[in-house]
Amino acid sequence: MNPVKAFIDSVKSMIVGFKYLFTVPRMTLKFPEQKMVLPPGYRGQHYLEMDKCTGCSICAMSCPPRAITMVKRDPTPRNKRGLFPLINFNYCIYCGYCVLFCPFDALHELDIHDLAVYDRDKLIHPPEFLQKVKENPEILYEYSGMNVIRTPRWKEEYAEPVFTRRGVKHEPIRK
Amino acid sequence: MEAGRLDQVVEKEIYVSVGPQHSGAGHFRMVLKLDGDIIVDVIPDPGFVHRSVEKIAENMLYVQIVPLVEKVTHVDASNLAMGYVRAVEELSGIQVPERAKYLRTIACELSRITSHLYFFGIFGIFLNHSTMFMWSFGDRDLFLDLTQLLTGTRIAHSYILAGGVRHDMPQDFPDKAMKVLDYFERKLEDYYKIFMLNPVMIERTRGVGVLSREDAIRLGATGPVLRASGVRYDTRKDDPYAAYDKIDFEIPVYKEGDSYARVMVRFREMQESVKIIRQALRDMPEGPVRPKRMVPRWPVKKGEHYARVEAARGELGYYIISDGKAKPYRLKMSSPSFRNLLILKHLLRGETLADMPAIYMSLDYWAPEADR
Amino acid sequence: MDGGVYFGRLSRVVEALRRFAGKTVEFDPIRRLVNWGRLYSLWPVHVTTSCCSVALGAGMGARFDYERFGVLPFGSLRQNDLIIIEGTLTYKFAKRIRRIYDQMPEPKYVIAIGACALSGGIFRDAYSIVKDVSKVVPVDVFVPGCPPRPEALGRAVMLLQEKIRRSKVSGEPIETPIVVR
Amino acid sequence: MMDVAGLIIRIVKYLIYDLTHMGPVFKAVIFPGLAFVFILAIVLVWLERKMAAKVQMRIGPLYAGGPEGILQPIADFIKFAFKELIIPDQADKLLFIALPIVSLVVAMAPIAFMPYSRYMIISPNPYGLLFAMAFVTLFPLIILLTGWASNSKYAFIGGIRAAYQQIGYELPMWFSALGVALASRSFDFVKIVESQQPLWFALTQPLGALAFFIAMVAEMGRIPFDIPEAEQEIAAGWFVEYTGIMFGIYMVSAMLMKLYVLSLLFTVMYLGGWLPGWGLPEAWTFVKAFIVMFLIMFFRAVFPRTRIKTFVNMAWDKLLPLSIINLLIVFALTFTGFYGGVQP
């Protein structure tokens, strides 16, 4: 390669580097403090409306990793056999088929998708718990033992990418 | 080779293991036989991610196989699903609404861009260019934002189902997509300046791992590897699916056949993908995107069928034998990475150890896809 | 096994010194200092067992940037502290993972991410995969998902940091009730 | 007893005098010496990571503590200090344990001869340039020995690469340095700096400066010439087997001390050291050296790694002729009296 051209091209590359060093904003989402706004319909943790469930077992049948087991609970007028889904999130791949194919809209998804646990048993969610999640999604963090890291000193806020002429950055929004 | 003291080594050649724990090989192992710095022979050792996808598929409903085949190439999920769904639809004659075809095109191209950006990041880090890694993965995340807006999740979309797509795109999708695409087109210029024009990068890749046109055809190369060797072949043009026959785009072809050409083909393909998404968003007709009610059981007729699509890594084929029941009798995948693996051995022989990452990664080998 | 031989004949003296040092080091200020160093300097091994590596890659990239937590991937396993098992672990790979784990210096930590690593996930009918990673290496934190979001992996790193903060220098957990702050 | 007490009092008095009047102990321990260098090392590691992060549109170390995570290098070092030491069974144990310490000594030794100003120099020596360059030249041998002692294939290949690389850059480096010595007619750093009075050597010997700079980056083993530790080809190269504190020492010696020493060497040889000299002369030297270090660290964000073959070819084809031409020009210029002024 021509050494003069190589030198000039190196300088060009370095100029681009300097441009980024001084002018282009950072695009990092400061994760524990800032959270991303997930769009509606995002496939996160599930919740169940037990009064809508009829125990038809289509969710269990269509689940690819067979994460859903139908368990016996007290029968309700709608659900005469008393079968309700138990979701084992050890298996769940969040494909959303159970929600998609549910004929009675009993299963739904939240935008919570940042669980991590010390103990895998905490990922087995029985129907009562899935019902509780609907009322208070924060219970997921407490149940999985993640409240040890959710400290109040972080003001968790929502952020979304903003495109400027120079680049992209994450700016907090109010939700 | 037995672990012995180096001063007891009398052989001329030494064996160096690359992978699976190695920053130059992910979930793949190859043993290089070195004579000094020259690679005399390569012993690939694939199979670290063999998960018997084809066998598991025989025990699953047709609809459940969509997420299964997506797992094979997570970075390129929609293209994988597209191939499978195409095979099922053509086998049983399921009609797809026009709007769904365009949405499928968008999903496939988003998937291709994210996959190519993944390639650029890993290729950058293989040449120890960490900036390229960070930029590609950062910008890839913006596209993953788009896919999560469109399909509902970042990576394993399961968006393309038989008879249409899962749901229509949200109202604000075109606006957001245009913003990202504008930004990305500007960003690609910087990619070009800092990586493609970088003399050190050119020195490492130009003339390295040259695959001639004849060898490429003889060894069955596919995808960008084939196109970098001067063969104009792309399933999107030659056997169009989704809405590709209504969209105007080019197929980048380079004649050199070296690592640099393979990188450039992917770079140009990303530019073309941006064009395709723009056109698809512009031309998209109104209408339904799926049958009224989604059912977990697909009406698949008895018979057998082979269908192919152009995935990010090359031509991907599915062969389905159906006996008319709820589950397939046999599903066979012909994955591009496996076909490109043969070329690796051909290319590495005679090169130096320092060229190994540049050649290995320029094939964009994705081990789970080859092992299945 | 690829472990070390500790200083040959001097091993007894060294052992006594180590015991003394081991006691000294557990004093609370020193313990806190050491744990602070450890928890903000978790260097993961370059090993990608399967396809959940895309989540790790996204986490290392510019958007999420785990280097903020001190997570810096490094080439050689002798200098690393953390294995992130990304997805499916086949039997073929399990041998290597165990070997990698044995070659790493103490203290070492394992995070398992992805449904396949936790339980086999969608592939658990396959003959070739390990259904439970914790039978191969001891796992500290599990992350569900297929693949998990990078945020979830970030939470896992934070959980691991919390675990290190509440352990002795030798690695044993301190028996204190977990206080909800 | 009285004598001992008197001795201690005298020592303390001397130390106080020394520290307040910038005597040799102060120089060795505090300012151009140990304390300054180690604080600088921490700042450099942090700065390198932060700067690369900024170019890469991300934040870099943040939560470790201090403003913008400046305590990150200390956290890393503490972690390494309390990690298990593994000595491979097959290794040459004495060499394996001794080499990190030797490397630290060798890497830090040139600091003794490096002037920050006319008086701020630990060990004034009329042959300072020769000594410093000799120690600098020694380092690749340690890499080679490390590769041998580890008895690992990756480490061995890394060591061989380091030796091979040295074959490439060594001659251009010495020839360029010879140009400087010839122009200033001395090996004394102070005289070298003083003879750059009107114009820096970087301006009067641009070819030599360029050759020296490239050879210097190769000597540091920094991107784009980090060939001996190529992560993607040979795991981590020559230090692949080192764990814990031994690796920590290698990080300090190989990554930081060499960067610091050679940048300072370049400043003194080509950028006029503390010239123009008004105000605080040490500050001039430091700022110039810092800019050189910054530039070299910046390469990490812009360039990938070269190949050993290309580098050695370039060194013999381009750098060596460049440095020899430079030497000839300097030779011719000295006869015309261009570099006159300083007499031998």
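Here are a few things to note about the model shown:
For clarity, chains are labelled A, B, C and D in written order, and residue numbers in each chain start from 1.
Rule of thumb we're sticking to: contacts are C-beta pairs under 8 Å (C-beta built on N, C-alpha and C of every residue); 3 or more make two chains touch, one makes a residue touch a chain.
All figures in this text were calculated on a predicted structure; none of them were measured in a lab.
Distance from the centre of subunit D peaks at A, each centre being the average of the chain's Cα atoms. Taking each chain's centre as the mean of its C-alpha atoms, subunit A lies 25 Å from subunit B.
The geometric centre of subunit B is 44 Å away from that of subunit D, both derived from CA atoms. Subunit C and subunit D have centres, each the mean of its CA atoms, that are 35 Å apart.
Mean C-alpha positions place subunit A and subunit D at a centre distance of 48 Å. Contacts with at least two other chains are made by residues 61-65, 68, 75, 122, 146, 149 of subunit C. Across the assembly, subunit A contributes 10, 13, 16-17, 20, 26-28, 30, 36, 64, 93-95, 167 as residues in contact with two or more other chains. Counting partner chains per residue, subunit B has residues 22-23, 67-68, 71, 131, 134-135, 138, 142, 156, 194, 198, 200, 203 touching two or more of them. Contact topology of the protein chains: fully connected, every pair of chains touching.
Across the interface of their complex, subunit D is touched by residues 3-6, 14, 16, 22-24, 37, 124-132, 134-135, 138, 194, 198, 200-201, 203-204, 352-357 of subunit B. Of all the residues in subunit D, the ones that touch subunit A in their complex are 51, 54-59, 62, 298, 301-303, 318.
Listed in rising order, the residues of subunit C touching subunit B in the complex are 45-55, 57-58, 60-64, 73, 75, 77, 88, 90, 92-93, 96, 100, 122-123, 125-129, 146-147, 149. Partner subunit A is touched in their complex by these residues of subunit B: 60-61, 63-65, 67-68, 71, 131, 138, 142, 145, 148-149, 152-153, 156, 158, 166-167, 170, 179-180, 182-183, 190, 193-194, 197-200, 202-203, 294-296.
On subunit D, the positions that touch subunit B within their shared complex are 52, 55-58, 90, 148, 151, 153-154, 156-157, 223-224, 226-227, 230-235, 300-310.
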